[in-house]
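Next come two complexes, and both contain chain A; in the first it sits with chain B, in the second with chain C.
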Partner chain A sequence: MNNKYLILILLAVAIIFPLVFGSYFIHVLTTVFVFLALSLSWDMMLRTGQLSFGTAGFFGLGAYMSVIVVLKLGWNPLFSILLGGVFAGLIAFLLGFVVLRLREIYFAITTLALTHVFSVIIRNLSDITGGASGLTLNTAIFGGSPVKIYYLILFLTLVVIGVSEYFKRSKIHFAINSIRNDEITAKSSGINVFKYLLLVFVITSIIQGVIGAVYAQQYAFVEPESTFSLNFLLLPIAMALVGGIYSTNGPIIGALILGIISEYLKLIMPYGHLIVYGLIIVVVVLFMPKGVYKPLKNKFSNNSLRGDANAQSSN
Partner chain B sequence: MSLSLKTNKILLLFIAFLIIVGIWQPNVLMDGVQRGSMYALIALPLALVLGILGVLNLAHGDFLTVGLYLSYMLYSQFNMDPLLTMIPVTLSLIVLGGGIYLLTVKYVVDEGHLNQLLITFGVSMILIEGVKIIWTTRPRNVFTGYAYSAFSIGDYRFGAYGLIYLLMAVVVLVGLQLFLKKTRLGQATFAVGQNPKGAKIIGINVNFVYLFVFSIAVGILGIVGAGMLPQTAIFPSVGSPFSLKSFALAAMAGLGNLNGILFAGITLGVGEAIVNAIPGYSSWADLVFFGVLIIVILTRSFREAR
Partner chain C sequence: MPSLQTNNLVKKFGGLTAVNNLTFSVDKGEILGIIGPNGAGKTTVINLVAGTLPVTSGEILFNDDNITKLPSHVRNQKGVARTFQTVRPLEDFTAIENIMVGSLFGQKKNLNKGREYAKEICDFLNFDNINKPVDELTVLELKKVEIGRALASDPELLFLDEVMAGLNSEETWEIIEIVKKLRERNIAICVVEHIMKVVKELTSRVIVLDRGEIIAQGPYEKVSQEEQVIAAYLGEDD
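So, the complex of A and B:
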């Protein structure tokens, strides 16, 4: 009951926000939403027990695809964003048949290597992608209006949150959890492990592609170094870890906390403000393996019985 | 018997490969061997940590970056010859490696791979950003006369400096092998790598072995860093690609096969040099390592699945 009102209030705040605050704050919150969506998509993959380091790769693929069709074919930017997602999803689908047979460390390393492979390929297809100097659009999406971009990204972020919640509530949740806990048991209970992994891999890649595309359209610019930057991998991971993994609320809270902290640090520390992310990842892994959200929730919730049941079902 | 036959075959193939490349273009062979031994040299400590601790250290390349910067600092502040900085840099990296092990990695050695990857990933970020805070992102160079010395065989002229990597790789490899086989601590390390629980039961101080191996591995990177400095332009992310490349070599050689890393390194180095030598395609050379890494991992996993 309480949660419903809280969600409505937060939603209202998010919608009214650009009418009240200036363009700097709108920009900050837009960036936070971008990383929030990436963070959720990374967490969704993690829920299957697979640690993916490919977030930045699919982000970059979506970004490039979207900019290329707008620039070379004159597509509507909004469609190009969809296409960016579809393209990333397609590549993920094809790669998934091989990559998803890998587990643990091998899956993680292969996805990290794929990110590098994507960036090398894109840098070398210079006829289409502009090579090392990248591509620049004539104008950002919506003529660069921060408010419209804000609403677009807010909408996409809400969709991602919706997908994440759907994954938590539908029967997919049980399949995914059992795969993470014990794959052999899952398989012998009749779960098609590969099918579910592929489904999650493709959906998270589509999310990353769409977010990459929207990010590229917002800045009207793609370039191999910055588009495939490991920041699009590291920051989402740190956010999910801080908030608490295996949940929807965790990454959201983590993204809000870290997004605002990093924006502040950027102002006072021109070089190396990302060190905070490294420190946070290390500290969280060592001392707070459950993140901020779950302990807080358990502390404040009246019906601790339900909280425990939830915690058990998701662990 | 069949195993030795197999290794012999691979060795013969390896030599044939080198000879063919050498006849085709001696420069490519020389460049490839120099590069390859550098890769192997960097990969050796990663493989050591992977083999003994079972931890894939994603911060590996960034320790190398720190080594390069320390060496650069000694060069620019005290005008030390880069090769002479090897000793202080190695010592300080051993301390740094030990410190980071005690603060972070120690707590995840026995945990799942997820936490190990995440924590070394975090350490990697701390090192890169720390370097940025101290030295900013401006690229730096060192000039020494000997880095550009050359020698000639017949009509061909080769850069001579890169051969130092081959020398260093062989020295480090032989040193490690001797250490593992001949000393008591080395034998204990070997035992821990094979079975940590068993090693603990027979009274080996497993935690000390872990600390020792991790510090030494990071220390070796100090040797490499000082050796690389005369030929390398340094910037904060100069070392990061080496983490993955080293893992590619370790995966190609197979776990625990330290000698194999030198061969794998030279093979991939020559492969990269070949791609580099094809006009118009030189920038595709980066793909060699990642391509091989992905292929090796996939073939291994399929073989295991069967």
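So, the complex of A and C:
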């Protein structure tokens, strides 16, 4: 019951936010949402037991596709964002037949390599992609209006949160959790392991492609170095780890904490924020391996010791 | 018509032939015992029929349907279910959720119907602690989760791989009663077992494996007297 009110309050705050705060704060929160969505998409793949390092790669593919069709074909930027997602999803679908045969560190390394391969290919297709110097749009989406961009990214982020929650509440949850826990048990219990891995890989890649596309439209340019930057991989992972993996709330909380802290640290200590950022991650992973969300939840939902056991069994 | 029929099943692991030219069948409502010393290939037979391992050669017919090349999840959906010798619970799920996996995917039920079906299975197994996480379950309860997940897929052919191992005698009897009730459901059941009183109590027929081959078959009382069988278990005098 409390949860519903909390969600409504947070949603109201998110909607009213740009009416109250200036463009600097709007910009900060917009960036947090971008990383929040990436963090959730990374976590959704992790729920299948597959550690993907391909987040930045599909992000970059979506970004490039979107900028190219706007610049060369004069598409509507909103459609181009959709296309960015579809393109990333299509590539994931095709590659999935190969990479989803791999597991654990082999899957992780291969997806990391793919990110690099994508950026190398794009760098060399200079007729279409502008090569190493990238492409610049005449104007950012919505004429660069921070408020409109904020609402667009808020909307997309809410959709991603919705998808993540759907994953948690449907049969998909049972399938991917089983695959993560024990693939042989999953198979002998009727679960088509490959089908579910491919489904999740494609959906998360679509999300990454859409987010990459909207990010590129926001800044009106793409460039191999920064568009395929490992920031779009490492920050989302850090956020999910800090907040708590295998959940929707974990990455949300992690993104808010790390996003806001790093912005604040930037102001008081230029570049030093990266050190503090790293320290936070190390401390959380060492002392709160489940992230901050679950311990917090347990603390608030139980006032007595007995409640602890009840909460666990009724979950 | 037999529920399961294997013809000349062979499984080689490199140079080792784990299962050699194995031909056997199980009928509906029959409990077949598969016995033999350690390393005889009993679990490998289950792995082959359930699709956990691919066969080297030979064929597997289930309800006259050739399932030799089908992936294991399709075999499960068609009605072949198994338990694992060392229990393999899904550790992030509760007991009931573990069992639900069988009804959700083996039978393609939706969440509500899958949960209801899993509850019926729990009642059948006389299993109360259904909402506990699996790491808080006793050995007997873990075995019930293992059996429950297999049953939840509504199998016509069920392999029980040493489900009594690690249970005390009271618990063993409880499981024996459960398996007997299953026979009444007209399921074909194969029990791999080391405990001979269980084999004697449950099975109408046994096959004895040694080094991947059938060295004897028939009712337990008859087979257990055969010299070859005794030699395989106890070793031969030179």
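Annotations
By definition in this document, the second predicted complex is superposed on the first by the 287 of 315 C-alpha atoms of A that agree within 3 Å, B and C clash if a C-alpha of one lies under 4 Å from a C-alpha of the other, contacts with A are read in each partner's own complex, and residues count from 1 in each chain.
Keep this in mind: a residue touches a chain if its C-beta (ideal position, glycine included) is under 8 Å from a C-beta of that chain, and two chains touch if they have at least 3 such contacts.
Please read these numbers as outputs of a predicted model, since none were measured by experiment.
A simple residue count on chain A separates chain B from chain C, and the partner touching more is B. Using the contact criterion defined above for the overlaid structures, shared-chain residue A:V193 touches chain C, although it does not reach chain B.
Once chain A of one complex is fitted onto chain A of the other, the partner contacts of A:L90 are absent, as it touches neither chain B nor chain C.
Of the two partner chains, chain C is the only one that A:T185 touches; chain B does not reach it. In the superposition on chain A, no contact is made by A:I172 with either chain B or chain C.
Interface residues of chain B facing chain A in the complex, by the touch rule stated above, are 56, 104, 107-108, 113-115, 117-119, 121-133, 136-137, 241, 244, 247-248, 283-284, 286-287, 290-291, 293-294, 297-298, 300-302, 305. Across the complex, chain C is touched by residues 170-171, 174-175, 177-178, 180-182, 184-193, 246, 312-315 of chain A. Across the complex, chain C meets chain A through its residues 50-52, 71-73, 76-77, 81-82, 84, 88-94, 97, 100-102, 104-108, 110-111, 114, 131-133, 149-150, 153. In the complex of the two chains, the chain A residues touching chain B come out as 51, 98, 101-102, 104-106, 108-110, 112-114, 116-117, 120-121, 123-124, 234, 237, 241, 269, 271-275, 277-282, 285-286, 289.
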